[in-house]
Structure formats: structure tokens, C-alpha cells
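Encoded as C-alpha cells, the structure appears first; notes follow it.
Chain naming follows the written order as A, B, C and D, and within any one chain the residues start at number 1.
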Amino acid sequence: MDKKIKIGIVGASGMTGGILLKLLLNHKYADIVIATSETQTGIEISSIHNFLKNLFPLKTVSYNRNQIINNCDCVFLLKSHGEFQEETSRLTNNGLVANPNIKFIDISADFRLKNARLYEQWYKFKHSDINLLQKAVYGLPEIYYQKIKNAFFIANPGCYPTAVILSAAPLFSNKLVDSNSDIIINAISGVSGAGKTPNVRNLAVEVEANIKPYKVGKHQHTPEIKQELEYLMQEPIKNILLIPYIAPFKYGILTTTSVKLSEKISIDNLFNLYHQFYQNKPFVRIYNKEQYPEIQNIEGTNFCDIGLYLDEKTNTCIVMGCIDNVIKGAVGQAIQNMNIMFGLHETEGLPFADFLSKSSL
Amino acid sequence: MDKKIKIGIVGASGMTGGILLKLLLNHKYADIVIATSETQTGIEISSIHNFLKNLFPLKTVSYNRNQIINNCDCVFLLKSHGEFQEETSRLTNNGLVANPNIKFIDISADFRLKNARLYEQWYKFKHSDINLLQKAVYGLPEIYYQKIKNAFFIANPGCYPTAVILSAAPLFSNKLVDSNSDIIINAISGVSGAGKTPNVRNLAVEVEANIKPYKVGKHQHTPEIKQELEYLMQEPIKNILLIPYIAPFKYGILTTTSVKLSEKISIDNLFNLYHQFYQNKPFVRIYNKEQYPEIQNIEGTNFCDIGLYLDEKTNTCIVMGCIDNVIKGAVGQAIQNMNIMFGLHETEGLPFADFLSKSSL
Amino acid sequence: MDKKIKIGIVGASGMTGGILLKLLLNHKYADIVIATSETQTGIEISSIHNFLKNLFPLKTVSYNRNQIINNCDCVFLLKSHGEFQEETSRLTNNGLVANPNIKFIDISADFRLKNARLYEQWYKFKHSDINLLQKAVYGLPEIYYQKIKNAFFIANPGCYPTAVILSAAPLFSNKLVDSNSDIIINAISGVSGAGKTPNVRNLAVEVEANIKPYKVGKHQHTPEIKQELEYLMQEPIKNILLIPYIAPFKYGILTTTSVKLSEKISIDNLFNLYHQFYQNKPFVRIYNKEQYPEIQNIEGTNFCDIGLYLDEKTNTCIVMGCIDNVIKGAVGQAIQNMNIMFGLHETEGLPFADFLSKSSL
Amino acid sequence: MDKKIKIGIVGASGMTGGILLKLLLNHKYADIVIATSETQTGIEISSIHNFLKNLFPLKTVSYNRNQIINNCDCVFLLKSHGEFQEETSRLTNNGLVANPNIKFIDISADFRLKNARLYEQWYKFKHSDINLLQKAVYGLPEIYYQKIKNAFFIANPGCYPTAVILSAAPLFSNKLVDSNSDIIINAISGVSGAGKTPNVRNLAVEVEANIKPYKVGKHQHTPEIKQELEYLMQEPIKNILLIPYIAPFKYGILTTTSVKLSEKISIDNLFNLYHQFYQNKPFVRIYNKEQYPEIQNIEGTNFCDIGLYLDEKTNTCIVMGCIDNVIKGAVGQAIQNMNIMFGLHETEGLPFADFLSKSSL
């Protein structure tokens, strides 16, 4: 590729905005041309995200639809769910983008659920763009690589779903799961998952020396996980129960999903099945028997590390997924999607790209 | 009670030894007469546990069976599992204690499992004292209060088992659980659970900014949980799967246990059942609907906080238990047991005793 | 003492309010009769501070001056600085309290500085009650025990000042300090110092895996430290420079103060001088040579631990003070003050009181 | 540069070894040919450092001098201080390297102090190679760029010295410091500073929820700081006092150095002086007035962030330095040195290299 991708970032002053900018500064084909912020407009990005000091002279501007459309090849949308859904529709002309060369990657949850009514139930807002919802491609490259290649609009997956779906996909895709049994997910997240909006629950004084479950059985990522696991299995799943926790570390998610298998499989065959499923997937790493993923092994990277435990007597399988919630669980995956859409190697600009791009071909 | 309990502590230099001493210093009927240490013998306790500086002039001595027998009313055994089992047998004359006035509280796992063969499987040592094993009372006061009252030897429960059993007991005791379904336990522990023996896994550099599962399906507390839940239910349980994690906080355990109920029950009736089961149990606190326990609410106390989630459609129940692993999960519970054995109110000397002793009568 | 102290707490819903209530629940002469909150009025205290669940049925009320005056023996004022200064004046009738039996303990900074003009410079509000300012006794019991005994209004010291003044007092009181040299204070605080008011700076995501200096040379506790060190030395001090940091732990402060001594003193004499100064002060513990205080040794207690380093060649002395910022640095010290004012042993109701009350007489 | 640098790593299984490998995997001119380990020989590097899983197939070998000499262009020595000094002499033929094309970068402290006798005093071993000691170049590129360019042996600076020297260099180099006054350094380090050797002091249970000073006035980095500040000032310094702390975060060091200036300077001139001194130094970032460095802004990078506070009345200056202790404080700086020695841009392969290499030319 000889020319750079002109990038617009809508909502650049939040926490994910900062990490996206940091990653893109190490991406040799990225040229950030617009970064918007409504709360901190006209300010140097590096004054908002101090870790970018001396690295990034660009100033934020207020969002302007035409400016985005006329100047960008790729637009990252980093607004909170619900907040920007209608404007996203306008920006993409309800999926009939005027300029077919612009690609959109929406980090919010607004276009992830194919069934619009689920937004009312889980997100408490009425979705107004069924058309774009159907055209949006769920941006999990390990599953939807080909669709992403041809997409113009990516609904970038949520953090918990990324870890859960990737760690469970080979089981569901091979129809190995008893869909009538409960799928129980324990999902432990670092505090960056909550972003930078100040509220008492996320104060350090409430998080340090503590761990707390929240939204048990009610977390809005539940239907997203369900949709994708059902898609993989091509069968309805009776019950998915997500138990999320906030823990006292900054970055990372570790999920542990318990599933009942529908048929006997040996532990060795289980591992084979996983290795086969993720062959040539540079960002998935499968741990050996009796070894389990840890946050410290994936922090700062776009990896999803997977661990497996199988109780052969009872066909109960525990799968673990471990990602950096802000990278593979948000903006790293977004860059992976951008790379695919723009014909680059999917690892381009992400940590260990040199090594990964060679080894995975 | 007019006179003090003369206390011996075998293994006073470890982490639990320090916390036991700290609690006993606030116990008005406790008189610590002997504290043994083989690694740091002849040293002031407060030089070993610096937080006891200026508070405790006693020096450690090397363990001597006769000295213990001749001078103590109550002996706390704080050795690692396996290490002291044979000497415990000698010390208690295989359960035929010469001086019937001495009470023993064993914090190790050596006398918790009634089935001696389980020690070979889970603890890798051969148990040599079936007699004492049968006489030992499992020291979970909320379940075995009467037995503890008349006991001379207490097998003090493990940390994970305390949180799991207490949070699940009303379900099992009321035979509400489908014993053929998997019981899946996610159990997150602070680093104090590993004590102070130096090894790479427990270095701060391996624990900070990290969370890691370990011994998945193989943790030695599994048979202890199984034994007690089966006792409560009076029925064999097919599969208990314990998934332990180490997390970056110092004190505390949070366990989340998923069970399939064998019959429909409304969420309100479930709460009633719990409140009834734990009536007059000062150290158990049941959270309201959609509220969940957190480490910060129990740190430094002998409480076990319990949270409940019920998916009424699928009869899937999630119970959470939250304790300070070193207090209710070890030495606080040991003091509670001592109190009961010596005819004191069970809360004596423990945090909030004044309030709890009044309110729970 | 046969009857209980009727206690009013103004501002009970903040973080210090919670810890004050927790400590008072373990104080056998405390009877909490009123707890006010304007933001969470009419709510059970234990719903605001969840760690008090099942322990404290009292509900908050809106502040009412007459209700306080008519029902309380001792009033703790826990409002932010500046916010309540004028009402405090009215409540105490400008220091001419109608009912001379009521004692006040103000945890805020509003009556700590004798020089009213300093409030304009450091706190950005104009102080309106010179009279009460002069009558208020600075509540550092290790220095002002006799004054506190006879006081009706206590200005409870700040957290940094408590650690700094106590660790440096023997030097200044013995006129050993070169008052023309810089007094440099590095003061590291846990996040509880910031209370529970939500703002971005104190979010866990900004505190975890981080340490940050703030208000270097401009922290409002600087003039408080200066006032007290000058009082001890009876001489003006040229320059005190406070460098505060927020660090990723919940409770505790560690201060390191560098001072140039005005005369040669041996390290042994220095230690003697400290031990003499703090003879019979139950809450001060002096570490041995080459040993230094640590947060973990004082957390949850009312201790101030002190460490000393002396460079004998250059007369440079480093003194370290270590306290639980919310206990000895706020509400524990407030209880110590209450105890003294009400004729109780100063350790009453505080951790290790039994032992400390005996040993310090 | 068309060909890769063949790299040998002596001591690859320790903590710094892991991070060095991680960084080199992102360096396009690095070809790691040998990685030695005596404790974990013959094992895949990625089994030792799990975060390198799937990234690095090389196996460790036992150290062999000839193998190193015959196969490497650049050798990183990562042994503990004292342990390898004599072998380093043999490896380099006492500085008379047979093959002049091999470059050595010693991460240990063994060749940092020009005065050999200081090793006896501070490191407790007798240094046996005065010759190599004199030839070794202290690898602080912001000060010794030209010398490094022509060096064959680099003594890579210590972590505390890097932060202290860089943050204070403009003051000393401009002879602005009163060399008779105390230089007081408070230096707070994350736990990675202690590496992975298991001992009680560095267990998570001793570090979590804690902060602790250690080796006050006795830390072995003191003479290294003194040597370099005296070199910069060309004058002896009377007293440097280093107060190190361990704090509960993984990576990073923040140092605060108090110096008395020898002459009046305005705050604006002070900033000018710093900006001038560090012109075209891509890894040094100077913060604006009243803004201070934080660990979170430098973690994972090779930056040294600097903050300044000046009390204009008293000429007291506080300088802060903030680095990732394992990167700019160890292996990142080592790579920077390698780049310079091999004619690459000094930022090559380090985070933000693309941006930094352009902007700093």
C-alpha cells in the first residue's frame, strides 16, 4: 500500500479514544486527520491524553458531518451507546453511503444486535435504523474475516463478548454444546472497562482492595453473546447467564465460561479442535493442558489467550478467554478490522506485527 | 466468665499466626501463654509481625508437646497441611486426650475430611489417624454449633469452603438442588491466601495488574466442599467443579456458585428461606435483591456476606459468598469456635462483638 | 463512667462518616443519636455504608441546629472545608456555647489555622469567626493533651499534618532544627484521602498502576504544618515545602521529612530523645535503627509509626511518619479527642485499647 | 542498514530478559541468535516468559563464551551485580576484545562506577578489572551520545540513576546547584524493580495495600548518581541522600529530587534551560508549569518525563523524573544504546519510533 489511510475519530477525548490514538501513532499507514470532542474542543490531543505528550500536535474539533465525509477514508465512532445512533444513520445515509470509499467502525454497541427490539430491552432506547443494522458487519475477524473484507460498516464487538465468543466458538461452531444447559459466564474486568466518566462506583476508593459483581444476569452484553453463539451453532440457546465483576487492575478481562457438552470428547481432541479452528489466526493463542491465561500475558496486545479444562467424566467444559479489554476488546480489534477492510495484513501496526504477519501466512 | 483462657499457638510466625495474635489481643478472655516457631525461635512476636510492635512482648519458643499440654486451655494449630498430622495425633493421644480440659483447634486441613483416603488423592499424604479424624468436629459454627460446644478437637474449615458452604447451605439443606447437575464454583482470592512462603507465583510482580486461575478442577478444597454439601443434602452430589483465582488484593474471598434447582421457587421465597436459615446467626448477612457482596464490606471482620440471583425461568441459582479469607476463612472462625467451646458468646472479641452479641440473642 | 456519650454526626454519608460510625460501634460509651446527611436524607446508615449492614439501624436526618444542641453531648462535624464554617459559628454561638456541656470536634480544616488570613490564601474563603478560631484547640493529643481535656471545641488535625508533626515534633520541640534550611516533606497518601466525591482524577482508572504528585508546594496543609512546627520550636521557619502524592492503595499516609539539624547529635541520642518525648503516648511507636514504618503496620489502627535516619556527617535528618489517614489522620484521632474531653482513657474504643490502656499508664 | 544485528542475551530467563525479548521482537533489525539461562536451560523462551507464547521459538542454552564471541554482533549481559564481573572481563579480554565488531551492553552495575573501591563499599565485592572499568561508557544517551557511538562496551545505567540524573542534569550541567547543600532524593519504584527472585519482602502479600521505604541512605545506586552529577557539574557534591520506596504497582519509577540553587533564576528561565538542554532528545519530555509526571504516562515506553517546581523566594528547586524502570531504566535504554552503536536512529524499534525519529531530526 503506498498511501496512508485518512482517519477520523469521533469522540477522541474519552479513554478508548486515547488508546486508539496511541496505537495509530505506531501504525505506519494511519494518518489521523480529524479528532472530534464536544467536551474538550479546540484542545491539543496530547493535553487531553497526557501520555501522548510531544507525540501528537493535532487539536480536537467539534463534530461536523460534512467535514468527516469529505476528508476521511476511515471513521472510528467512539460515542456511548445510544448517544450517536441516529447521527450514525445520517452520517452513513442509512447505509447508503454517498461516498462508497468511506469505511466506518463503530465501537459503540449501537449496531451489534441484529434484532432491533433487543435495544429496547437491554439498552433502553428504541433503535431507528433497521437498514443499517442489517448491513453492519459484526467485527470479530476470527469469525467474519471475509464479510469484514467487503464491509463498509463494522459494528465492533463488546469487550466481554470478544473474550467469551472467541474462547467458546470452536465448541459452538462444532455443535458440541448441549443448548438446553445453562451457559454460565464469570467475567472479570479491569476498571478501564468503565471509561473515564466520573461516578462513585468507579472511584479508586471503591475499587482498590475490592472486587464486586454487578448487573448479574442483566448485563447488556448478554444478548450480543447469545446472538453470536447461536449463529455459530445455528441453534437457539436456552440460557446464557453473565456474571460480570470489577477488579482492581487497570486493563484486561478474563472470562470463564462453563458449558455442558452434548457428546463425549477427549481432552486431546478438544485441543485439536481448538488448534484447527484457530489455525492461521495470529491473535488467538491456545494454552496447553493445565495452563491458564493470565491478564499479564495479554496486557497491551491484541491477543485473545484461551485456556481449556474438561471434566471428561461429566462432559463439563470450562473455557477461558483473556484479552486486553481496551485493545482486543475495543480499539485494537477496530484497527484489525480497518486493516482487513483496507487490504492490509490484519496485524499491521499492532504489537508484534512483524513477527505475526510472517508466521501466520 | 471470670478467668482467662490460657492459649497456645503452634506455628505463630506465619501469616495466619500474626492475624490470630492481632485478634486475640482484642479479646478480653484470651491470655496467650505459648507461641511456637521453629524458623524464628526465641524472637519477640512483635519483631516477626511488625504490626504488633509495642503490643506483645512474648517471645516464640520451639514446640514442646509437654509444655503445651501442661500450660494451655486452648491450642491453635497453624501448621501447613500434612506437616503436623502425626504430631497432632500424639498431642491429642489419638483423640484420647489425657487432660480433657484442653481444647484443640486445627487450622490446617489435616482433620477436615472424614474419608481418610481422600488425603492421598487430594493432599498427597497418607493419613494415619482414623480415630481422631472421626472425633474431630468440622468447625463451621453456623452449621455445627451444638457439636462444637461439646467438642475437644475442631477441624477449622478452609477459606473457600467457608464461603461456598455458607452461601449454598440453605439450598442444600432444603434439598432444593438437582444433585445430578454441575455445581460450578468461581472463587476469587486475595494474595494472603498464599501465606508468606516465598515463591515466584506469589511475588508482587506476578500478582499486580493481573488475575490468574489456578488448579482448575484440582484444588484440594473441592472434597471438603463436597463432603459438607452432601452432608447438608443427605445425598451424593455428582460434580463439583472449583475454579480458583488469585487477584491483586490482600485480604478477602468472593465465591460465586451456580446450581440448578430441583424445583421451582420464587425469588422471594428463596430470600425467606435464607433469612430463616440464618436467623440468629450474627456473622451471616444476606444482601437484598440485586445487591451483591463486595470484599470491601467484609475486610477485617468475621462476616460472611451472601448475595443471591435466581433465574426464575430456568431454575438456575447463583449464590455468592464473601469473607475475609484470613478471618472468617481461618483465624476469626477459629476464635468463634473457641468462644463456643468455652461457653462465651460466639462473637466475643471479634469486630462489632458488642453490637452483635446483643442483637443476636 | 456510667453513662454513654450521646453523639451527633453532622455529615454522616461521606467516607469519613462511614469509618467514624464503624469505630464508634466498637466504642462502649458511644451512643449515636443523630446522623445527618443532606444528600441522602432519611436513609438507613447501613444502606449508605454497606459495610455497616445489619449493624446500625439509625436513619439519617437533615441537619437541624436545635436538634443537635438539645440532644447531643458530643458533636462531630464532618463537612468539607469552607462549607460549614459560618454554621459552625452559629452552632457554637461563636464560641459562647449556651449549653457548656456540649463538646464539638470539627474534622474540617475550618478552625485549625490561628491566623484567619491564611484561609484566604490557602483555602480561598474569608474566615468570619476570629473568636472561635482562637478558642478552638488543635486536637493533636500527643502535644495538646491538657488543652484538649479542658476544651469544648476541637479543630481536628489534617492527615498530612498529623503524620508530619508527630514524626518531627521531638526535633522542633528540642530546638534541634536549623530554621533557615528547607523543610522538605514527601507525603504519599492512599486514595481514601480524596473521599467519595466523584471526579476524574480519583477514578480507579487514573489511580491504578500509577503514582502522581499534585499541588506541589501549594497544598493547603502546608500552613497547618508550619503553624504547629513553629509553635513547637517557638521560632519562625523559613521554608516548608510539601510534595503530596496519590498512590494506588486505599488507606494510609507515609511522610518523609528532611530537616537540617542545627547541632550535632548522635543517632543514639536522637532515638533517646524520641523515646523520651513519646513516653506514655500509647499511639506513637518508634522504630529501631534501620527499620522503617510501612502502611501495612498501621492500617486500621490509630497508631502513628515513626522511623528515623540520621546522616551524622552532615546533620541531615530524615523522619518518617506513617498513619492510617482516615483513623489517626481523621476520625480515630477525633475519638481520641472525645475520650480525653469526656474523661475516658484516650485509647477507649480504639483498636488494642485493652492492651494500650494498661501499658501506657 | 541492510542486515540484521545478531544478538546474544546472557541471562534471558529473568524479568528484564523477558522485557528485552519483547522489545526486540518489535525491532526490525534485531535477530536474536543466542539466549542463555543456567536455571532454565534448553527450554523454549516462550515457556519461561508466557507473554511471548507463539512469538519466539528459540530455546535457551547454557552460557558458552566462544559461542557468544563467534556468533554475535551485540551481547546484552543481564546478570546480577557481582555475579558475572570476572567472566565479563574474560569475555571482553579485559577490554581488548579480539573481535572488534562485537559490542557489549552490560545491564548489571558491574562497570558503572569508575572508582573501583566503591564496589567494595556499596556492592560488597572487590572489582578485578580496572582496565575495562575505565573503557566502559556509561550508557545514558542523552548525556553521552558521542561516546556511546564509538563505544564497544556500555555500562547501562541503573533505574533510579536514570530518572534522577536526567531530571537534574540541566541544573548540574549549568552549575546552578549549591554543592554544599543536601541533595535529597525520594524515589518510588514499582515491584518489577526487584525482579523475580523469590523472597518474603517482595511477596504480593507484603506489597499490596502498602508502601515501604528501604535502604534509606544506603542504596547502592547512590554513588552512581553522585559520580554522574559531579561529572556534569565538574565539582564534588557534599551529600546525596537517596530514600527509595517500594510501592504497589508493577512498572515505573518516580523520583523527586530537592536541590538548593546557587543563584536566583526565574521559573521561566528554568524551563527554557531544560528545553534547551533536551532539544532533539526524543525520549525526554518536559512538563509545563504546575503539571507533573505520572507513571501512567510513561509505562511501556522509553520516555523520561520531567516535572519542575521552583520556590523562587528560597531558590529551592524540586525536579521530578519518571520512567518505566524496566524500559528507560533498563532494557529500553539498552536498545537505545545498541541503536546508537550500530548507526541506527536511537529510537529504532522502541515505542513511537516512527513519529519520534521524524520529529527529532
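Everything below uses one rule, namely that a residue touches a chain if its C-beta (ideal position, glycine included) is under 8 Å from a C-beta of that chain, and two chains touch if they have at least 3 such contacts.
Keep in mind that this is a model prediction, so the values were computed, not measured.
Summarising the inter-chain layout, the chain whose CA centre lies farthest from the centre of chain C is A.
The interface with the greater count of contacting C-beta pairs, when A-B is set against A-D, is A-B. Centre-to-centre separation of chain A and chain B, using mean CA positions: 40 Å.
In terms of their C-alpha centroids, the spacing between chain A and chain C amounts to 47 Å.
Note on chain placement: the centre of chain A and the centre of chain D lie 36 Å apart, centres being C-alpha means. The set of chain A residues touching two or more other chains comprises 206, 208-209, 248-250, 294, 296.
Those residues of chain B that touch chain C in the complex are listed here as 25-26, 28, 50-51, 53-56, 208-209, 285, 287, 291, 294, 296-298, 300-301, 305, 351-352, 354-356, 359.
Within the complex formed with chain C, the residues of chain A that make contact are 15, 190-192, 194-196, 198-200, 202-209, 248-250.
Per the touch definition, chain A reaches chain B in the complex via residues 182, 184, 186, 188, 206, 208-214, 216-217, 238-239, 241, 243, 245, 247-252, 254, 256, 258, 260, 290, 292-296, 299, 307, 309, 311, 313-314, 316, 318, 320.
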